[in-house]
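Please read the structure below before turning to the comments.
Letters A, B, C, D, E and F name the chains as they come in the text, with residue numbers starting at 1 for each one.
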Amino acid sequence: MKKIEAIIKPFKLDEVKDALNELGVQGMTVTDVKGFGRQKGHVELYRGTEFQISFIPKVKIEVVAINGMVEKIVSTIIEKANTGKIGDGKIFIYALEDVIRIRTGEKGESAI
Amino acid sequence: MKKIEAIIKPFKLDEVKDALNELGVQGMTVTDVKGFGRQKGHVELYRGTEFQISFIPKVKIEVVAINGMVEKIVSTIIEKANTGKIGDGKIFIYALEDVIRIRTGEKGESAI
Amino acid sequence: MKKIEAIIKPFKLDEVKDALNELGVQGMTVTDVKGFGRQKGHVELYRGTEFQISFIPKVKIEVVAINGMVEKIVSTIIEKANTGKIGDGKIFIYALEDVIRIRTGEKGESAI
Amino acid sequence: MKLMLNILIIAILTVFAGIVSAEDVAQPSPAVAEMEEVSAPADAPKLDTGDTAWMIVATAMVMLMTIPGLALFYGGLSKRKDTLNTIAMSFVAFCIVSVLWVIYGYTLTFGTDMLSIIGAPEKLFLSGVAVDSLSGTIPEYIFIVFQLTFAAITVALVSGAYIERIKFSAWVIFVILWMTIAYLPVAHWVWGGGFLAKDGALDFAGGTVVHINAGVAALVGAVMLGKRQENVLIPGNLTLVVLGTGLLWFGWFGFNAGSALAANGLAGIAFINTNTAAAISAVVWMLTEWSHAKKPTLLGLASGAVAGLVAITPAAGFVNISGAIVIGICSGFIPYFAVASLKPKLGYDDALDAFGIHGIAGTIGAILTGVFADPSINEAGSGLLYGNPGQLATQFVAVGVTAVYVTIVTSLILLIIKMLAGLRVDAEKEVEGLDESQHGEKAYNL
Amino acid sequence: MKLMLNILIIAILTVFAGIVSAEDVAQPSPAVAEMEEVSAPADAPKLDTGDTAWMIVATAMVMLMTIPGLALFYGGLSKRKDTLNTIAMSFVAFCIVSVLWVIYGYTLTFGTDMLSIIGAPEKLFLSGVAVDSLSGTIPEYIFIVFQLTFAAITVALVSGAYIERIKFSAWVIFVILWMTIAYLPVAHWVWGGGFLAKDGALDFAGGTVVHINAGVAALVGAVMLGKRQENVLIPGNLTLVVLGTGLLWFGWFGFNAGSALAANGLAGIAFINTNTAAAISAVVWMLTEWSHAKKPTLLGLASGAVAGLVAITPAAGFVNISGAIVIGICSGFIPYFAVASLKPKLGYDDALDAFGIHGIAGTIGAILTGVFADPSINEAGSGLLYGNPGQLATQFVAVGVTAVYVTIVTSLILLIIKMLAGLRVDAEKEVEGLDESQHGEKAYNL
Amino acid sequence: MKLMLNILIIAILTVFAGIVSAEDVAQPSPAVAEMEEVSAPADAPKLDTGDTAWMIVATAMVMLMTIPGLALFYGGLSKRKDTLNTIAMSFVAFCIVSVLWVIYGYTLTFGTDMLSIIGAPEKLFLSGVAVDSLSGTIPEYIFIVFQLTFAAITVALVSGAYIERIKFSAWVIFVILWMTIAYLPVAHWVWGGGFLAKDGALDFAGGTVVHINAGVAALVGAVMLGKRQENVLIPGNLTLVVLGTGLLWFGWFGFNAGSALAANGLAGIAFINTNTAAAISAVVWMLTEWSHAKKPTLLGLASGAVAGLVAITPAAGFVNISGAIVIGICSGFIPYFAVASLKPKLGYDDALDAFGIHGIAGTIGAILTGVFADPSINEAGSGLLYGNPGQLATQFVAVGVTAVYVTIVTSLILLIIKMLAGLRVDAEKEVEGLDESQHGEKAYNL
């Protein structure tokens, strides 16, 4: 089992989510985050004084999946979240030791 | 050392937190997240037009603990966060390479 | 490659971010979180009734870096986020299996 | 839902009845007007444009107190997830009372007195009221809608104790019943020529009729509804509370100075008394909190101001400025202790302190009016300090009678609704928030 | 940007022109005043302080309807990322119209009628208006600024259909052009002695001039602008919507009862009709929603109230209370279906239902005024129910003429702007939100 | 804290003193009234209900400017974590001034002039003022409370420069001292028959007394307090800023048109001048920003409107519409550069530009009144353009005297408070936010 963590542009969330659903991914967890990276922030202007906002709103999607699915999930995310512009984000992949479903107490792959 | 990451229903947070405290867990980090999963979202209604909210508010609890505690922590979370209904959430367990306490620079288990 | 995850006091974020930039860290992801730990929360007061807020606002910084940078990053964070008071936070270090840049599809260290 | 549809049908039916009766009236009304003109020669009341101007505006100001004033005051104090439901309770109360008032509320309150108990139904659908009908020196239509705004806010005030657990449908039924059998009679007794008016009870702008009435109903309901799952005050948005306080304060000038029903010196003293009591009450509440709980809060300032406004309401046109100051000081610390000490001890769950503030401060005001009423301000009232101890007794009677009556009626109404439709939402839906379960909407999509 | 600078320059130039003309006027004006005084003996109009008091306040109340009333009503309904832009559209409309109105708007509307089409430019820069000039029993200055507030809100209302996609610069130009060639003529036709006034069309406070006018322009623009990228209503902050509704309701008393231009019984009936129609309309919308979509929403209550206020506008000083109730019931469910069923079917993207509510409810009100106008309320109007079917026809003509004229003019204006400056922001900037791209600011830093 | 308790005790003591004095007065006051009636025959002033109606409402409108108007305008501009503290500063200022004004403020300002410096303490606790006392054609009580609202907002305005770092306790003391030794004398000099009044300085509604006074005090305090840890404007909630602007604009009609103290043509021209200057100033600010900083902001529109309202304040009842337009244009760009260019250069930390907007625009208005005052509008004033260059000099003197006096007094007050209680919160608590450290509450629990 792996955890796939993708940092993407917020307005791509719906598309990515729907595509993953079609792929058979049954669950995911999404967090609003702020990104710092090559893509630079914007400027706000209050009473003539500029105010640099250096972070950029992003969303983090976390999906836990069996090893066999990782490849497909990654390529689906790349396909859907890609705009070709700086700031499209990253995917990080981690190993996972165990998963437990709280409702039933199931462990391992069947708990995903 | 392991990281235990639990996605639970928000209104269970207080109970879980208190139970973990009693168990001797001294620290944890909590994040508001949105969950997609088997539990489906709700419908909002603006001027007669339905608007499907597909995500469900959840909280993510992260606890870093020594290996010996993992079992107890997991079973405590299951006990407290369980409502028996779909959407109770998951627990993910990860290996951790190191912990450092910023204040003192301590490393490893004593830094937890 | 490793992921360095630091939980720090929010008002230290700018300093840490700038120091990491200088170090050559090109990206990071920041999340607002609530911390429970040795540092205790504060009390709010509504119509004479006290209301204990047990969580403390913190920020989580996540940086993915090549192994060679980890040491420097950790010591930079310790240096900048340290106030010497309880609640300065923790740094957690995880192994990472892979990184992909969504825009280009690059994998591994060059994708960071 | 069926109930709702029935209400709709009844509403439409009554409207048709109204059209019929209105057409009947269309003919006679010029005649009435003519007669008035004929009998007008010497000292007949004449419309005064200045008084009318003031009372039109005063009415609009009191309207503003409920929507959005009280609605946002309460809405900001409620938990985030219950904000809209709390607001909707005030909003719908204003709307329903507005409609029922022109249908039967006005005439049952201000129609010819029947047995000192209730007004006669002679002006159902405002029949008989014409464009040139006067009430004193102002158009009767303005008098009607001025009084309407009082009825509406009284009902809305009650909701403060019921929020975060009562079903919206139960509240809708409550509004209709409580306005009809609790508010209308009490308003008639005090203002419509009923027995408390005859007894000489002093209530300039509604200490008894509005605040004690609503405050006691709030307490009764808080007890009968029981505690919320999360029995604690977590204001979702205090900026709304400040906004609501400001609009209430502003509107209260219409409420109190408008109760002079004219643009004159009495309105002037009522205005300055209102402002003074509110201000000093806010300061005293802040200081009390500062010494008792270590910090002065903005919510304390706002609560103190509202308590001061409540307390000065019955007294505004009777007392002099020193009386107003004393009343404001009392309303600055007594309700504080009621809310911060008494409530936790007794354990009832008056969510937004509708009783703690309106009931308590209203009683303070009603009683102290009997002490400080100064005949040099208003000949109609003379209190203990001016050699008339009997007035104090009369005030106690008025408070007592109202409290007892409202307690009985409110209990009955809630019992009936409990049997008919149930009072509370499911525990789970309560925790989830009433905005979603009752309305399917969310206050903020930020 | 150049356009903007040009506007600035023109503004400054006109000001200097104005100073010159004002100085010219400085001399004659006392003479005029004198003449008026000379001719004043018997039944000359005299300033009435009561009427003046009421109309000053009524004007301020109508001003409040746009800033912050409508601005926040619309702002709260828009998506979070477009909140400020939506607010700015109403805000800038009020400001621009305010300036242009005193320069040329007033005289083109209320100057001596020319060919039943437009007013003469005799009072450019208010020249000839003196401190003691009267309009009826009130200072002419108050009449001028009272009418100004109507022009301003009409333009602002249109924005509800255009938001979340139109460039801010395009909107600024639109405001100037539309106010000039759409609003001024229609206002002259109905109120300034133009042909619709001569035909006897009844419009007490602006059903045709304000709401149908704005509603149709909204629809035309919605079609011409095309759909938003995210064609869905996600209110960013419903507490602002309630606040806006409350301020609109409050201000509407100034709008409708102020249209009596005096503090009298006619203002009284207009006031109570306004409140009654709004209240019952809110209740009916809520019940319709409850049975049709399963839940009663707060937004439904607010929308119903606004629809009721719109519908009663042309009728407020003509119908009796039963007429107001029927009008309120109709505005409670017809616009609901227009918004919830018709709009999705036809597919135009009227973002905040400026047409669905103002256009539809305005038409309901205009037509029903022709049915319910009761001569015992106001001699000036007699509807179908009172034996005058011709009035109904006249009302249809007024609505039709206005709708056709506005459709043509609005299309032309938008076409011109499209060629000059472009109408819509880039798709990407639209998704990102107009607050950032148009203004570089953010509603909330929470 | 001890200080606070002492204040409480003093308050209570003074109240008892007040009761005693009030009782003394209770007897004579009818006598006074009688005398007035006796001397009333021919041309004695009589209460005018229209004027009274207008002034009651105007007073309520000005009250609304501080709570919630200014409170939310400033609160929305402050950082999220300082929102409540900022609001509380305006709120508590209004309350404290309200109480002190009826105790001694009114009489020291409007009591019999003593040496052209201050009023006599003859009306402490409003003794001698009766229900039928008149001030012109309106009840004296209304005049008193109208003037009260001016004192209150002036003090509250100052807070804009002090926020996000000053201790709440220091502010409470500041309010008491500054109102007493800065505001009361200046108000007496200009309006109470003091030396500036005798010199013929023109200040229709408070350019000098209110805005320059507050603006200079703001600047002095900004310098003495020093910079905030985070010396930058990050508006927490711009929707509150718009709301505040709207309420300020609305209330300003009461402020300026109410300063005519009657419902007449002078109120009319003051009203339309107020609206015009605000509107054009907003537009010019927006255009300036558009060309200078590339984007037109909503905050710019709001700031421009407020600057225009400030600038027209001294001029509202003296200039004609062209004068208002020129004043509005100047207030649209001069304060912009003061705020965007001068402030960063000079480096003082005027957090919300209380000086940059109120001080600068107030000065523009005071000076330009000396240029544009048109005797055909108001016989009392004739400016440079109408052949009276001396007026301009008088205006400069009034501005200069006020600025110098306020600078000295404000410095002294702040020095005293610094020694007594300290001015600033700890740096750490400042970063954490003053809402938590000063009040233990949070604006939003969203």
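Definition applied: a residue touches a chain if its C-beta (ideal position, glycine included) is under 8 Å from a C-beta of that chain, and two chains touch if they have at least 3 such contacts.
The model shown is predicted, which means the values in this text are computed figures rather than measured ones.
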What chains do subunit A and subunit E have as common neighbours? B, F
Chain pair with the higher count of C-beta pairs in contact (C-D, C-F): C-D
Taking each chain's centre as the mean position of its Cα atoms, how many Å separate subunit D from subunit E? 33
Express in whole angstrom the distance between the two chain centres, defined as the mean CA positions of subunit A and subunit F. 53
Can you pull out the residues of subunit B that are in contact with at least two other chains? 31, 45-46, 94-95
Residues of subunit D that touch two or more other chains sit at 48-51, 53-54, 57, 234-235, 237, 243, 263, 294-295, 297, 299, 439-442, 444, 446
For each chain, which other chains does it touch, given as pairs? A-B, A-C, A-E, A-F, B-C, B-D, B-E, C-D, C-F, D-E, D-F, E-F
In the complex, subunit A residues that touch subunit C: 2, 6-8, 31-38, 54-55, 58, 60, 74, 77-78, 81-95
Which stretch or stretches of subunit C touch subunit F in the complex? 11, 42-46
Touching residues of subunit C toward subunit A in the complex: what are they? 3, 17, 21, 26-31, 64, 94-103, 105, 111-112
Listed in rising order, subunit E residues that touch subunit F in their complex are 1, 4-5, 7-8, 11-12, 15, 18-19, 21-23, 25-26, 29-30, 47-54, 56-57, 59-60, 63-64, 67-69, 71-72, 75-76, 83-85, 87-88, 91-92, 94-96, 98-99, 102, 125-126, 130-133, 138-142, 144-145, 148, 168, 237, 240, 243, 263, 438-446
So, in the complex, the side of subunit E touching subunit B is made of residues 232-235, 289, 292-295, 297, 299-300, 303, 336, 339-341, 344, 353
